[in-house]
Structure formats: C-alpha cells, structure tokens
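The same subunit A turns up in both complexes below, where it pairs with subunit B and then with subunit C.
This part shows the complex of A and B:
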C-alpha cells in the first residue's frame, strides 16, 4: 500500500505546493508511489489518520509518534537530495 | 501601414485577457531565466487555470455575499458593501495587472544590484510574493495612468522589503530556528513598527506587563474554528442570520442561512486550492530565478528571502489568528463609517503576527493587542483603498457581477504601505523620492547600528540570554 505523506505550510497554498510537487517529481523519477496530501499547519493535528510521514516548512505542533521533517530545502534548493533520502527511508520499508 | 499592423498585434494581445496572456508571458519569462520548455508550458497553462478557477470562486463569493450586504443595509442601515475577498483574489488581481510582468524581472535585477553594492544581504527568491509589489504598482498605475510610475513605486516597495528582511532576519532566525533565512514579505512587514511601539508601551503599564499569553491553551480552546471550512460556514450563518432576519417565513430564513453558510464554507476551502494552482504555475520560474540569483551571489554571506508561510505555523501566530477573527468582525461593526465586511482574509491573520512574534517574545496577549490596534487603521485603509482595488480587479479581467460591491482584502487592501504609495501618487516624484531617501537612510542606520536595530526587531543578544 502506498504510504501517506502530509505536506504542510502556513496556508496550504504557497510553500507547501512547491514542496509537494518537488517530492512528487522526485518519487516518480525513482518509481516510488506515495499519497501526498497538502494542508495548513494548523490543520495537521486533525488530519493524522493513516499518515506515515509529515513534511512541513513551518512548525506543526503535537503529532504523536509520526515522524516530522521540517525543512526549507525544497524552497532554497540546498539539501534537497539529503531530505529526499530521509523521506524515502521513512516511506520504504 | 506598419504602425497599423503593430497596433493590430498589440490589440490582439491585449484582447486575449489575463488568463491567456499571463501564461504566455510567464512561459517566455521562464525561458529567459533558463527553465526547461516542457515543464514551463505545463506550468504556465496551470497558472491560467488557477486564474480562471479563482475568477469563478470570486463570482461565487460576491453572488452569495452581495445580497447579504444588501440585507444589512435594508434592515439595519449597516452599510457594509465592501467585501473582503481575501488575499488570494488580490494576488491574482496583482498578477493579472500588466505591471506584474515587468516587476518580476525588474525586481530580480534590483535585488542583484543591491546585493552587489552590499546594500542588502537578502536574495529574495520568493517570487510568488512579488504580487505585493505588483499590487502597489497596479494601484499607482490606476491613480496616475502611468505604468512606469507604477513600476517605480513597486520597486521601492521591493527595496523596502529587502531592508525589512535584513533588519528582522536575526530575530526571526533566532525565534523560529531558521538559520540563513529572512522574510521580505509585504504584509508581514506592515505591523512591525506598530508592534515595537505597542510592546514598549505594554512594558511600562503595571499589571498588563505581567500577563503571560500561552498559545497552546488558546489553540486547544478554539480548535475547530481554526479550520477555514468551519470558519466560513459559521461566518456565513451569522451574517445571513442577521441580514435576512424577518424577511419572509422562517423556513425561507433558515434556507437562506444554511445555503449562505455552506457557500461561504465552500469559498474558504476552494479559494486556496485555486491559488495553489497559480503557485504551481510559478514553480519553474521561481526555481529558475532562484538559481539565477544564487549563482550570481558568489560566496558572500547571504540570507535567503522566503515567504512568511514558513513561520506562521508558530503556535503564537495560530492562536492570535483565532482570537482575532471575532475581534475583527466586532471592530468592523462598531467602527463608525466602516463599509467593509471582513471575510476572506480572516483566515490569514497569522501572517499579520508572524514577524511580530520575536518582538513580543511569543506572548499571545501582546500579539493580540498589537493586532487589534493595527486592525483599526487597517479597516479604514480598506475603505480608502477599495475603489482602487476594485478598479485593479476590473483591469485584470475579473468578472465582478453587475452592480456588484467594491472589493478589498485585509492583507494588502488594509495595509498602510500600499495606501501610502497610493497617497504619494498624487505628488508622484516628491513622494517617491522621499520614500527612496528614507529607505536609503534605513539601510545606513542598519549598517551603522546593527546591534541596536536587531534588538529592536526582537533579537536577544547571546550574552543576555538566560
């Protein structure tokens, strides 16, 4: 089953769109399937059902045991590969 | 003959309308900055799609809230006929204005110039938020009828935001834990001078200066209201309950209430989706522009200028945003002479406090006081700017329904910076030269007294940390 990744930022409009598209492209290139869902950071606690990983550009508060990657690499272009490796390590088992 | 042919070509392009013309221009710009053609085509078209989608949603909003505001006038004499359509609409209005295509390359060149002359440390790769600059440009162009005047004001705004980003960077980096980042954001910048003064005043008022605002408690209490869908439905229910009161049998009343509630909920959910399509369309251009800037920055110390979206997740921002929803609505009703119905931008008040957080040391009580005091002039500014904003919307091909209300947005329509530029346009050269001089002076002060300036913006020097 495809893993579920929540991608969040302040508005679910600007930065998270960039992050989501970049992750999607990267995963496609590597042939890895995942469900990517975009939301506001404030909504994250109410959308945790079945989520395997959270990637965010802004703090997300209490999410229990779900791993969180807070990163700006997809925006600045610096450190994208390292973050992609991290993301893949979480969703591949 | 040739002139006639040129005229035909120009008219042809202008006649295409924003949803066609913008993708074409975006595509060309992306290629100039070195994006891949295949990707650029798809994204440019997506930008057009977002534009069309947003147009539909604004139509939905004004069709639904138009009668509500009429009802308020008829039944209560409350003349609330300016709709806060929200920043997404303003952003696309700004991008739809013909100045937006100039401000992106011009803004990037200005940034490079200021970077190489060591005036600024920030490279603003947040091309998306160039819409704030385009918005100012559009207003000035509307007032003066001169696109170059618009461009000059827009560039001054862009330069001011570079100063602002440099100034607040150490505080933001420290409070948010984001090394190397600065925030050149046209809306988040606006309340900062207010915040500094109000915070100092609270410091000296006994009692008030002891109040501690803890964000987490507030977030839990207001939980559900934080969701745009619920916020839209609740506001829709309340507004329509008031507007349609005593209008026919109670079943009609209830029907209208419920349908307005669900429609406004829909607007709150759909509007950001449409804007995220616009954003998606900008990705190749903003990536290409980022690489272009970074390649030329060399190895000097730089801050990467990003959207304040990366810091509004801070609990204080979210908590303040929630408390400010009812406060803003109440202010709109009690402030004499106000004609604005706050709606679309109620969801983005966290952006207002984002950079205030370091100044008030994350204290929610203080950030609410700052936001409330800021909101009062902001509401009057919205009244002042509504005509220009609406005219810009019409110029950008937004189909406002016939006889429709004026539109505005708290975010930029209620922001003193665009209002200042519009006012200065009455005496363009004198006003804009003064602004240029002030910006230059601010950069000089920042260079001469960095420690004091950074502390003012909320930075805690290491030797003072507990």
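This part shows the complex of A and C:
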C-alpha cells in the first residue's frame, strides 16, 4: 500500500500546493508512489490517521511518533536532493 | 498560457521607491488598475492576501517575493515586476514568522483560478536560480528585465 505523506504549511493555500507538486514530481521521476495530502500546519495533529510522514514548511504541534521533515527546500531549491533522500528513506517499504 | 500573453513591458517597473512592502504593493497594484488589467478591488485584496498569506521566498542569497490574490479581482492575466532601490521586509511563504529583505517583487494577476498553482510553481522554479535574480537586480532598464523574464519564465512555463 502506498505510504501517506501529509504536506503542511502555515496557510494550506498556495505554498503546500507547490511543495506537494514538487515532491510528487520528484517521486514520479524515481518511480515511487505515495498518497500526498495537504493541510494547514495547525490542522496536522487532527489529521494523523494513517499518516507515515509529515513534510512541513513551518512547525507543527504534537504528532507523536510520526517523523516530521520541516523544510523550505522545495520553495528555495536549496537542499531538495537531501530532503528527497530523507522522504524516500521514510516511505520505502 | 504563453509568456507573451502575461508579460508586457508596461508592467515592469525598475525603480519603485518604497520604504515598506505595503507601499510597493500599492504602487504595483495601482499600476495594474490604471492599465485595466485588474479591478479596483485588487488594490486592497493584494494587501490583505500578503498580510494573511505572505509570499517572500527565502533563497540562500538574493530574495524575491511573489504576491498574488484571487482571480475574482482580475480582468486580464498579467505579471507585474518591480525592483526597489532599497530592501523592504517581507514575511516568508509558508513560514510567516520568518522575515526576509526583498528588492525584487514578482506580482501576478491571473484570471483563470485553476492556473494559479501552475504559474506559482513556474515562478518559484525560475527564481530558484540565483543567476536569474542577480541578472534582474543588475539589469539596466525595463527592456532588459523583460528579456530576462521572457527567456527564463518562458522556458519554465507549461505549454498547457
């Protein structure tokens, strides 16, 4: 089953849309499937059901044991490869 | 969407004298309104949007902001580009608590709501190249800025 990644930003309007697309494109290039869902950072603690990984531009609240990658790399272009490696290490079977 | 349809020299401002982002956004939005690209409501809407959903991109070296607002306020799609002689402070997109100094502002007004994500991604991809930002800062006039944007935004713009 495809892993579930929650993509969050402060607002869940434009920013997480862009971040989500960038992650999706990178995963597609590598032939990796995942379910990506976007939301506001403040909503993250209420949307954890079945989530394997959280990628966020801004701090999120208490998420228990679920790994969190906080990064602006998908907006700035700096460190994308390192973040993609991290993302893949969390979602591969 | 073709670059020629959304990039015009009359919406490129290479010396916007503004001491804060509100003034810069006002000058740019009023320019678009005076040329008929946006409705009068756009002028306030762009301020509200920036206050709630900031658009500064915290690149490693040079920074840029990419403000926009809802399609309802737009008559005709257009990019408005401004360069400022001094930095003004913008909050960071996706991380509003962080502030960055900005001299380049790449505003847009899009009539088709569903294309906003595409254009945002195109602009962000373009501006992730520090050489492009440097060229925009060093450009001598509006025509040079136009040519840089035409080439670099144009090549990243999806054909759809």
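Going forward, the second predicted complex is superposed on the first by the 93 of 93 C-alpha atoms of A that agree within 3 Å, B and C clash if a C-alpha of one lies under 4 Å from a C-alpha of the other, contacts with A are read in each partner's own complex, and residues count from 1 in each chain.
We take it that a contact is a pair of C-beta atoms (placed from the backbone, for glycine too) under 8 Å apart; a residue touches a chain by one contact, two chains touch by 3 or more.
Only a predicted model underlies this, so the values are computations on that prediction, with no experimental measurement involved.
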Overlaying the two complexes on subunit A, which is it for subunit B and subunit C: clash or fit? clash
Now for A:57: first (subunit B), second (subunit C), both, or neither, which partner does it touch? both
One more residue to check, A:72. First (subunit B), second (subunit C), both or neither? both
Per residue count on subunit A, the busier partner among subunit B and subunit C is B
Identify the partner contact of A:43: answer first if only subunit B is touched, second if only subunit C is, both if each is, neither if none is. first
In the overlay, answer first, second, both or neither for which of subunit B and subunit C A:15 touches. both
Which one of 96-104, 240-248, 330-338 or 456-464 is the stretch of subunit B that crashes into subunit C? 96-104
Can you list the residues of subunit A that touch subunit B in one structure and subunit C in the other? 9-11, 13-18, 21, 57-58, 72, 75-77
Which bits of subunit B are touching subunit A when the two form their complex? 88, 125, 128-129, 176, 178, 181, 219, 223, 226-228, 272, 275-276, 279-280, 283, 286-287, 290-291, 294, 304, 306-315, 317-318, 321, 347-348, 350-351, 354
Complex contact set, residues of subunit C against subunit A: 52-53, 55, 57-60, 68, 92-97, 116-117, 120-121, 124-125, 128-129
Residues of subunit A defined as touching subunit B within the complex: 8-18, 21, 38, 40-43, 46, 56-61, 72, 75-77
Subunit C-facing residues of subunit A, complex: 9-11, 13-19, 21-22, 57-58, 72, 75-78
